[in-house]
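Below are two complexes that have chain A in common, paired first with chain B and then with chain C.
Showing the complex of A and B:
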């Protein structure tokens, strides 16, 4: 049972992450009044990349990339996916730390490439991460303090009984703050700073080619999935939809419908983020940090204060 | 084997090493390694041995007491094994330097002093061993001469202030209870008033706070770490600084007792709450100062101050999980900071003492073992799952969140994110990026350096995957302090409010990693290229310049650096200047001219006569 959950959730996450990439290109094209590539274009690209030859700068160049993809897959195993959650140990804190593996692996890998473009990209990526981690940690602490647990499964379960956190009074500010930093977490415009294609030749990816580029594309797809999935789990109640699954909650249909509801929520959030991505220009890194440390931090700080006083 | 025998071996071995050094350097090296390993073996054979032994012929007629329990055993084994590894590391690092006999004498003397501290069962022996440790540290810090003399002076002045505070505390305890025995004092202390307890806590906290480099008292540490020999840094950063943690634990949970410490004060002004906030400040500010450093040793020094804050936060919250996290973090930190200093030491050994991060780079190709050591070291430092630092940090965070201190938890968590930035900087600038041409022919690290690096890397992974090995001992310490026992198993911690099971994470990472590696291997084989075969948008690549290291986090560091002045350092230096001026003006009365001295005598007599005439006191 657990094995099938592990395989199912990682495969689903892979498919949906890549589908998101294709969807993003299509929507962007339509906003630009273009026809756009087919929605399966990223799949075609990944297959093509695997058939091409790439260069390697050394052992950590290979290992770092493998490590980062491993990290992304492992995070997915720890995230509740609808009603499935293959692994659970240490709760949200472990997820928070496992989410470090992917950027660290990419950073190590592109660090060995000895290309200033990639070093600048990594430096920006870490700074941006420091920027959005401040509000993100405040938000996560508010949620964990409010529900008095560090387990994400528990948080989703309580939301099914008492309503979504986004709609509950003490957590609404935190939810808004999370929504404000979501583009930074996903690395899309206005926060497309580390992978800026025109400025630093896609940053950390600059030396990747062939299977390396394929791996880093898959990693990127999974990263989008993780960022949105965490938001849906924390604030939009995970698989819950105003209790309509209550009568069939323990049947197979309940589980499947739960996954579908979860995915619909994710797609809605992702499309909104793509709209933001389409219309905004890019921040400079210091502008991004100033923004992230101003409004989202203020909101999430007040949110945490309210939660502490409310309890 | 008895406790005094251990100390005799430790102290005697130190002096014998010195004399053997006069005969032959090979003999001295071998003997130093044997002595340090012998201490490890003796101490490890005392697992679960609890003894207390009184000697009636103690210092100045006071009984001296030696005792061993799980608390002192834990620290003793950490001290002796880390010292043994540092001595092995020193073998090649110190080869061919001057005054090496003196160096080994001091290393072993510090080791003996620290063992004395943890075994001491009365405050007089504690104080004496503390002083032996402090003074030999001072001599070894100044070993390099030059700027290290100033660093040593700073250290010894602060250390002396700490010792004087401890002396005041010890004297007041003796005046009150008429005994120096720690066990007897801890039984008697519960009858005293809250005011006296607060006095004790504050006066001893100054001593231990200076040693542990807690935020307002940290200023000796960056200079000292930066200027002393890197092989000595291993002992200094690993256990010597953390003797402050031993002191805090001894003070708070042995001498005063958990119930008194945790109930001191009201509401937000509780003693332990304020102390935890001091710890939180100690995490945040040094972490961001470490970001600004371009000297590798200073970076590690500031990082060490910041990590000390986690231990303080862990032990002050006063739950069994937090306490265990704090104690476990002390050991974890010791292991990875020693590993990082050793990696840096190996680089310095091969490059002739280079420690400027901007001048290094690309060493992964030349020193792969050292790179792996540094990588595992920063994994522990950041607290990546499967490294030891993760488990202890998880315990601390969980305590803070569930006990309702979210803002403290935020301080601790954000410290970790700052930590990622500077540790990546450390590993990127030294090992990744471009190898400068002048280091093209550099050799691998010698075996005596590689061995401790490998052992410590394995220790980090083993304690990260099987934390139960250490947590069982830590749990016993907690129960001996009167906290309730944790449900520890070999894979982690089980409890009602969320379990940590490292084997889950380990298996997941291992299996997923192997699958991805297999896919990677099955795809087209990659083409190996050298460091100049790079994308440069069609332009030629300038050798030795196509690298980005200087001002790595530039726009951000420019933003924060005005706020990160070390105000305490500036303040202390101002005080030091004022004192120096005062002393200089006092010195002016010594004119060196006999006439003025006669004048002083005559004046003094005149005043005496005046006093006698007026009031008739004599």
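Showing the complex of A and C:
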């Protein structure tokens, strides 16, 4: 049972992540008043990349990419997917640790490639990670303190009984702060600093070609899935939709409908993020750090204070 | 998508994916680069054909050379072409890469690009309009279908010949040959 859950959730995450990439390109095209590519375009791209002959730059180059891909898959196993959660021990603390594996692997891989653009991209990626990790830590602390648990499944279950934490008074500031740092976690446009194509030739990906680029694209898709599904689980109640699944909550249909509700919430959040991506220009790295350490950190800190005082 | 296409996809997914996903490196030589921004942006929208520009040759599969090639830029063109992963396709725009065009008697311009790197197709004109680039791309689809867009294989097979032509122009070149005797 658990093995089938592991396979199913990682496969679904892969499909949803790649679907998100296609959806992003289509919506961006419609915003530009273009027709846009077919929604399956990332799949075609990935097939093409796998059939091209990539050039490896050494064993660390291969290892780092596999490391980041594995890190992303492992994080997905710890995230509740609707009602399905293959691994649950450790909860939010494990997720917080494992979320750093993906940029670390990409950094190892790009460092081996010895291209100046990729080293600039990696340093920017880590600076950005440093920028959003501080508010993210405060947000997770506030959530964990409010619900008296570190387990993400438990947090989702309590939200199904007492209402979404985005709507509850003590956690609303933390929710807003998470929404403000979400573009930085996804690496999209106000914070598309590390992968800036026009500025540093797409940053850490600059030496990836062929199957390496395909793996890096898949890793990017998984990373988008992780960032959004963490937000939906923490603040939008996971599979819960105002208690309509209450009568059938333990049947198979309840589980399937829970997954569908979860995915609809993710798509809504993702489309809002794409709108932000479409209208904003790119920050410089120091502007991004100034922003991330000012408003989201302030909001999440006040949110933490409110949670501590309320309890 | 019609049924015919589905059969093709199942038969040879790599080839079909090569047709419908071109990641393009534009080499900005001459006047042709002016035609590229309308080609990729909202006016003509190349992305509906799966064509998007990428920043580095490592990620690319199509190489567009847009205009005349001077002796100095040819060096960069050769290096860029050699860095692209195979299979790779080259398309040259305008009459200058074909036979020199209006620079036919210039001391500093290459008259025929095909002597130095293999070119899969030319789009003639001075300059071709963005619609002509679409027609060129659809012709390239046909060539890929018939396995005639084999420039990268020709480069591999006749590398000695191409390298000799390049060295005739530059004397000794400051990078080693791409293919040595054993990996041709």
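Convention: the second predicted complex is superposed on the first by the 311 of 311 C-alpha atoms of A that agree within 3 Å, B and C clash if a C-alpha of one lies under 4 Å from a C-alpha of the other, contacts with A are read in each partner's own complex, and residues count from 1 in each chain.
FYI, a residue touches a chain if its C-beta (ideal position, glycine included) is under 8 Å from a C-beta of that chain, and two chains touch if they have at least 3 such contacts.
None of the values given here were measured: they were computed from a predicted structure.
Superposition model on chain A: chain B and chain C are shown accommodated side by side without a clash. Of the two partner chains placed by the overlay, only chain B lies in contact with A:57; chain C stays clear of it. The partner of chain A that touches more of its residues, comparing chain B with chain C, is B.
Touch criterion met: A:289 reaches chain B, while chain C stays clear of it. When the shared chain is aligned, chain B comes close enough to touch A:73, but chain C does not. Seen from the CA centre of chain A, chain B and chain C lie at an angle of 110° in the overlaid model, rounded to the nearest 10. In the superposed model, A:206 lies in contact with both chain B and chain C. When both complexes are overlaid on chain A, the residue A:112 reaches chain B alone and has no touch with chain C. When the shared chain is aligned, chain C comes close enough to touch A:44, but chain B does not. In the superposed model, A:147 lies in contact with neither chain B nor chain C. Legend: residue contacts after superposition of the two complexes on their common chain; A:231 is shown touching neither chain B nor chain C. After overlaying the two complexes on the shared chain, residue contacts for A:215 are found with chain B alone; chain C is out of touch.
When the two structures are aligned on their common chain, the gap between the nearest CA atoms of chain B and chain C comes to 5 Å.
Note: residues 50-55, 117, 201, 206-207, 210 of chain A belong to the chain B contact set and to the chain C contact set alike, using the contact criterion stated above.
Partner chain A is touched in their complex by these residues of chain C: 13-14, 16-18, 20-21, 23, 41-42, 45, 47-50, 54-56, 58-59, 61, 84-87.
Residues of chain A that touch chain C in their complex: 25, 29, 32-38, 41, 44-45, 47-48, 50-55, 117, 197-198, 201-202, 205-210, 213.
For chain B in complex with chain A, the touching residues are 361-362, 364-365, 368, 371, 375, 382-385, 390, 394, 397-398, 401-402, 404, 406-407, 409-410, 413-414, 417-418, 420-421, 424, 427-428, 432-434, 492, 497-502, 504-505, 508-509, 512-513, 516-517, 520, 523-529, 531, 533-537, 546-549, 552-556, 559. Of all residues in chain A, those touching chain B in their complex are 10, 50-60, 62, 65-67, 69-71, 73-74, 77-78, 87, 89-91, 93-94, 96-98, 100-101, 104, 107-108, 111-117, 119-120, 122-123, 126-127, 129-130, 133-134, 137-138, 141-142, 144-145, 148-151, 201, 206-207, 210-212, 214-215, 284-286, 289, 304, 307-308, 311.
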